[in-house]
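To start, the structure itself, in structure tokens.
Per-chain residue numbering starts at 1, and chain names A, B, C and D are given in the order in which the chains are listed.
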Amino acid sequence: MTGFLRRRAITSLLPLVAVLLGVFFLARLTGDPANLYLPVSATPEQRQQFIEQNGLDDSVWAQMGDYLWGILHLDFGESLRTGESAATMALRAFPATLQLAFSTMLIAVVGAVIIGSWAAYRPNSIADRISSFLSMTAASVPDFWFAIIGVWIFAVGLGWLPTSGVTGGMASWVLPVATLVIRPLGVLTQVVRGAMVSALSAPYVRLARSKGAGDLRVVTHHALRNAAAPALTVAGDLMVGLVNGAVVVETIFGWPGIGKLMIDSILGRDFAVLQACVLLTAVSIFVLNILIDIGYALLDARVREKVSA
Amino acid sequence: MSTAVMSVHDLTVDIETPNGRLRAVDGVGFDAVQGETLALLGESGCGKSMTAQAIVGLLDPVASVSSGSVVLNGTDLVTASRRKRRAMAGPELAIVFQDALTALNPVYTVGTQLAEPFRIHRRMSSRAARAEAVELMRRVGIPHPESRVDAYPHQFSGGMRQRLLIAMAVALNPTVLLADEPTTALDVTVQAQIMALLKELRNEREMAVVLITHDLALVAEEADKVAVMYAGHVVETGAVAEVFSDPQHPYTKGLLESVPVHVARGSDLASIGGTPPDLASIPSGCVYQARCPLARDRCVAERPVLHQVAKGRAAACHYSEEVSR
Amino acid sequence: MTAVLEAPSESRVSSQVALWRLLLRDWVATGAALVLAFVALVAAFGPMFVGDEAAQQNLLDANAEPFRLSDGWLNVLGTDALGRSVLARLIVASRTTLSVAVPAVLLSLVIGSLIGMWAGYHRGRRETVVMRIADIILSFPSLLMAVVVLYIFSPSSANLILVLAITRIPIYLRTARAESAELQSRLFVDAARTFGTRSSAIIFRHVLPIVLPTLLTVATLDFCFVMLSESSLSFLGIGIQPPSVSWGLMVAQGRTYLQTAWWLSFFPGLAIVVTTVSATILASWARLATDPAQRWRLTLPRGRRGRRAIRRAAEKALTPEVQ
Amino acid sequence: MLSPPSPRKPLLIAAVLGAALIVSGCTVANSEYVTGGGAGGLRIVLPEEPPTLEACQSSLTSTGVVLRSNITEPLVERDADTGELAPKLATAWEQTSDDTWTFTLRKGVTFTDGTPFDADAAAFTIDRAVNSDLGCEVEGYVFGDTDLDVKAVDATTLTVTTPEPDPILPLRLSFVEMVSTKTSTTEKVRVPIGTGPYEVADWQSGQRLSLEANPNYWGGRPGYQSVNYVWRAEGSVRAAMVTNGEADIATSLAPEDGAGELAVAYRNNETTALRIQADQPPLDDIRVRQAINYVVDRNTLVKTLFENLATPAGELIPEGIVGYNPDEKVWPYDPAKARELVAQAKADGVPVDTQIRLIARTGQFPRIAETIEVIQSELAKAGLNVKIQMMDTNTQLTYQIRPFPEDTGPYLLMIMHGNQAGDAAFTLDQYMLREGYQSSWGTEEFDASIRDAEELKGDERQAAFEKLWPYEQEKVVQYAYIAHMSAILARSASVSYQPDSATGDEMRLAEMSPVS
């Protein structure tokens, strides 16, 4: 396993660098930020001064050299917008995103396993049809509908929950998490259901039944673990989306996460912050992918052998 | 000694298809006797596996038992509650499936899977169940069971996997053991070992074995009695030696003539002309009429019922006397 | 034993007929198919009838409430902030929406699955490289890509489709790779390989048919994701440019009016949801119907009572024949 | 104007959805959730977090609205209603020579770090903001590349000398917020030390900013001991926070955000207009530019999309700015005339079929997308080939500010200009001069009259500026003015506050007090 991890880390390093460089170059293709940060009446001299101060007049290669040199010294540059260190800003926003992502995935996975297995147990039954229909609908409804209507009903109409914010204890988590969980829950339920339908018609389930195993045991012991691999793949992809930041939720509920920060820095051509954010999310996505691979290995001995081979 | 521990009577299984309902098994009946092997013999598609599935209650949801009874130790499995059936699955009735690789759960160790019957029915601790699993593995002839108990199914050879399936089936000394084509996927030498193991276990545990197969040679060597199936019907029953030496149904006869050992050296190897009927187009008279050399008007008009042709023997043919000649 | 279910003797024509009959038996799937056909028809011919109405502004009748016939049937779903008929705009938007979402989904589906299957089939280094590329795209902020396209090229349907397709490729790539990697070790692939079949042929003949249903399911769910992403790009200016209109754009523009004129974003949102759900239902139906091993599920009468009733009826019908 | 949401439907849905939440055991929320502020605290919700509170960046809207006159103060302050300058940290000022102004400073003022405010501090601040290499926003905004010669004559006397005579120097200096001499001169700081009625108590980046009343403030205690700022990007959420009692003031709302009776509309200084890129054919033909003016139906736009919160415009500055012409002439809506003009131009060989881009910035003002669509539709009816292009801010700015991108083809640019300074000179230099940073085109005569007018003072200045507007409409026609805009904020019933035209840039907390 350690050999696998080492190899995986090495092969992951290159894409990581590729992402960083890609972001670096592409970001600079979107125009220099002088117009945004200088008053409209700034003179050409002031403009030139701004560009020089921020090193934007150097060749892209020279800028990249500076940037990489900085990274080696753990210096990720400063934000044009706030003047703060870009690393500080990214690191401050990331925990909020992670908390939201983990709670959302936890609820989505547990919910999807329960609903999906239940639906798969009697495929094509009324219960299956209803749960499939609801999960498909959930997966296709625009998330900001939930957000805004949720605010409208539960905060303004009923006064049960705060409209937004993060400092309100558990209650302030309800609307953001509920908004975020809808789509993953719908998608995952569909995936779990599909995988469970095939798992439940597999010969080993028949064997288990011939041993006198009850319904619950068949579902939880025999089918679920076999159905877990595709669910894990999709859950991983969904989690990647969440780690990249939940822009809608962060915007509407004022959740200080990395998605909003990334968008603001793209729109603000705040390259240093963007690069710091991308570095952070890319690293966590690579870690996440490795965890998923380990998950596959834990689920299935056959994968384990290939991994350690 | 010849106590029937399980009697199957008039078992009928229907299947729902997009084109309507089909009768896959029609009025099948036989008795399984303690310490004896009964072979259900027939070509693929004749309904023999579906009969086995109906008995153990593992039919696909499209198929259902529409009439008949399976009485085991005084309980009719067809009408028994799900709970009752579950309680009987393992200690009283067990089945060995044909494809051992897919039948074993790929994500669990064989030890876990072998221990499962003990965990479910005897509520043993996992350690005790594991000890039983090792013991079972040793009994079915798996070398070094202590070290292999934590291995996964794919790490075993085909023969070993089949042994594991058998071990699982006999774990709780069932009254009746169904073996559904247990050796199909195996090569000949391994086949012989597996069959020997089955016979050994049958004698040791005094089980009634129902062997489902298409292999005449296997039936000749392993079974005491045979029920020949064709298109969902039992067309002939009796002791193996008698049926094979003196078939009373033209289908049985045709089958025997298509096997080299039963044909005199030098003469042509016969084969049965035509193909078995599609379940959707089973004729109203004799099911075998289309391929039968003896077929005549009566066979089209009237379906022959299984009737006694000799002591302990029955055949479903209007002209069974003509067959043996 | 279940050979009869596979109906090997059925000719191609009759199997198509059977497929139709199977579809008609399932009223939910039939409904979904009808909805999709309706949407396609509306997209194809609708704009011809209401094209002008959708552009007809009437600021004095802005945000008129829906479900009133007093302003004529065109305003039955209300009017938008510029007094245009929401119904007419929905109809015109259906064409734009489909002409962006369908190519985007297809493009990412085709590219992603081909590369994914190829990588999964060959494993080894090729697989690693492809998977890492997927990682790169996934961890790349898709919005940045959109802004780059916006800045360097001009916003057009083609660029929009490109941006949407590229960001969705990894999803198919990963799914296809996972399944094909599993399949390549299977017996029938080995068999094909020993016959000397070229790998591309094996992929198309043996791997694709098995992977495709899953990919199609993913694609139908993705359909709605793409429609909504398209709307979020319009906030940056790269999306559909007015006066062209898409469902996503209508949802996005109507969003600020959720409290005062809910119909502006509700109806286009509903159109997206209904279309996606129909596509998903039909896809999951097709997945069962085309899979010989699963097809029987569709023939299963629903509920115990229904099954018993059918059995009784069947017994009555069959009894005289048997005896 | 603002229709409150119908209460029935949400309640019905809520009854269904609510059951789930009751099970999960949620407790009733109260206002403490969001701001954490106790009794007596004022809670304000802004559209975005101030990027920094650096005093020399105070002309950034999102910084200035929190900072100006709250944490730091300038020497003089402009009254938003009258346009007159009022004393703040300077008690008097006069032009002591052509190029020098002398300020008398207030005595007994200290910064919140204890250092005294005196002429040295004022000189330090002005040098830091205007003459240093920090690249301050204020420098570019009000002073251009003019360097100031600042001298502390004694503790309370300050002289400021400009290279050229500057009649409005005190107005320009009203943008310079005074900071303690302990402030770094080599880099910008996030939190300034000022003399204002409040000081920063706690800044939880991303979450909230808390101010506490300055106990040693020279001007008396403000109405609230503490003020909490939070920020939400979504207008409807900001409005909901006030209606829900989670905030007392919410700014930058749109009419449809649902603040209901708590909404307060007020005139800001913003004016919207289409800038016509008049050096590009067919826009170089004055008939085409006139046609564009004839088809913008300003009255209907104001009545419908702007919900009567704006007034049709005939010039780029609103009432209250020096140079505003009260006899504002608004172009009539005359589509027939416009068609005729386009047809005439076409007959003379003007390529009116050339595609013209109508460029706008997303989110520039509420209902920008709708406004653009209305204008595009009207222009198309007049016979012009107009294509809408929405852009993000940075991209749009490349089209708005010189140097303009090359080979753009003809385009119309939606601009919104807010003259924060109160004098038309700021507007004219930028938008009207031929080489103005935000001007595409002009005439020599017009340039000359602008230059002449800017030299003048008092009533002469006003009169000269007034004449420029009709001249622009008749002879230049670079713009199609649309409307003088308004803003909306939501104010809870417990707060007494009257916003003025400067509120968007400078929200004075000292003017807010609890309703007793």
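Here is the rule we use: a residue touches a chain if its C-beta (ideal position, glycine included) is under 8 Å from a C-beta of that chain, and two chains touch if they have at least 3 such contacts.
Predicted, not measured: the structure shown is a model, and the values here were computed from it.
Listed here as common contacts of chain C and chain D: A.
Interface comparison, A-B versus A-D: the higher number of contacting C-beta pairs is recorded for A-D. The chain with its C-alpha centre at the largest distance from the centre of chain B is D. Geometrically, the chain at the heart of the complex, using CA-atom means, is A.
The distance from the centre of chain A to the centre of chain B, with each centre set as the mean of the Cα atoms, comes to 53 Å.
In this assembly, the C-alpha centroid of chain A lies 37 Å from the C-alpha centroid of chain D.
Chain A and chain C have CA centres that are 23 Å apart.
Computed from the mean C-alpha positions, the centre of chain B lies at a distance of 46 Å from the centre of chain C.
Chain contacts: chain A has residues 30-31, 148-149, 152, 201, 267 touching two or more partner chains.
Across the assembly, chain D contributes residues 5, 236, 392, 395 that each touch 2 or more other chains.
Within chain C, contacts with two or more other chains are made by residues 147, 151, 236, 258-259, 297-298, 300. On chain C, the positions that touch chain A within their shared complex are 28, 128, 132-133, 135-136, 138-141, 143-145, 147-148, 151-152, 170-171, 174-175, 178, 214, 217, 221, 224, 228, 231-232, 236, 251, 255, 258-259, 265, 269, 272-273, 276-277, 280-281, 284, 287, 293-294, 297-298, 300, 302-303. Across the interface of their complex, chain C is touched by residues 11-12, 14-15, 18-19, 22-23, 26-27, 29-31, 123-126, 129, 132-133, 136-137, 139-142, 144-145, 148-149, 152, 187, 190, 194, 197-198, 201, 229-230, 233-234, 237, 240, 244, 247, 262-263, 266-267, 274, 277-278, 281-282, 285-286, 289 of chain A. For chain C in complex with chain D, the residues that touch the partner chain are 55, 57, 59-60, 62, 81-82, 147, 150-151, 154-155, 234-237, 241-243, 253, 256-261.
Contacts from chain A toward chain B in the complex involve residues 201-204, 206-214, 217, 222, 225-226, 299-302. Chain A makes touch with chain D in their complex at residues 30-31, 33, 35-43, 45-46, 49-50, 53, 79, 81-84, 89, 92-93, 96, 148-149, 151-172, 174, 251-254, 256, 260, 267-269.
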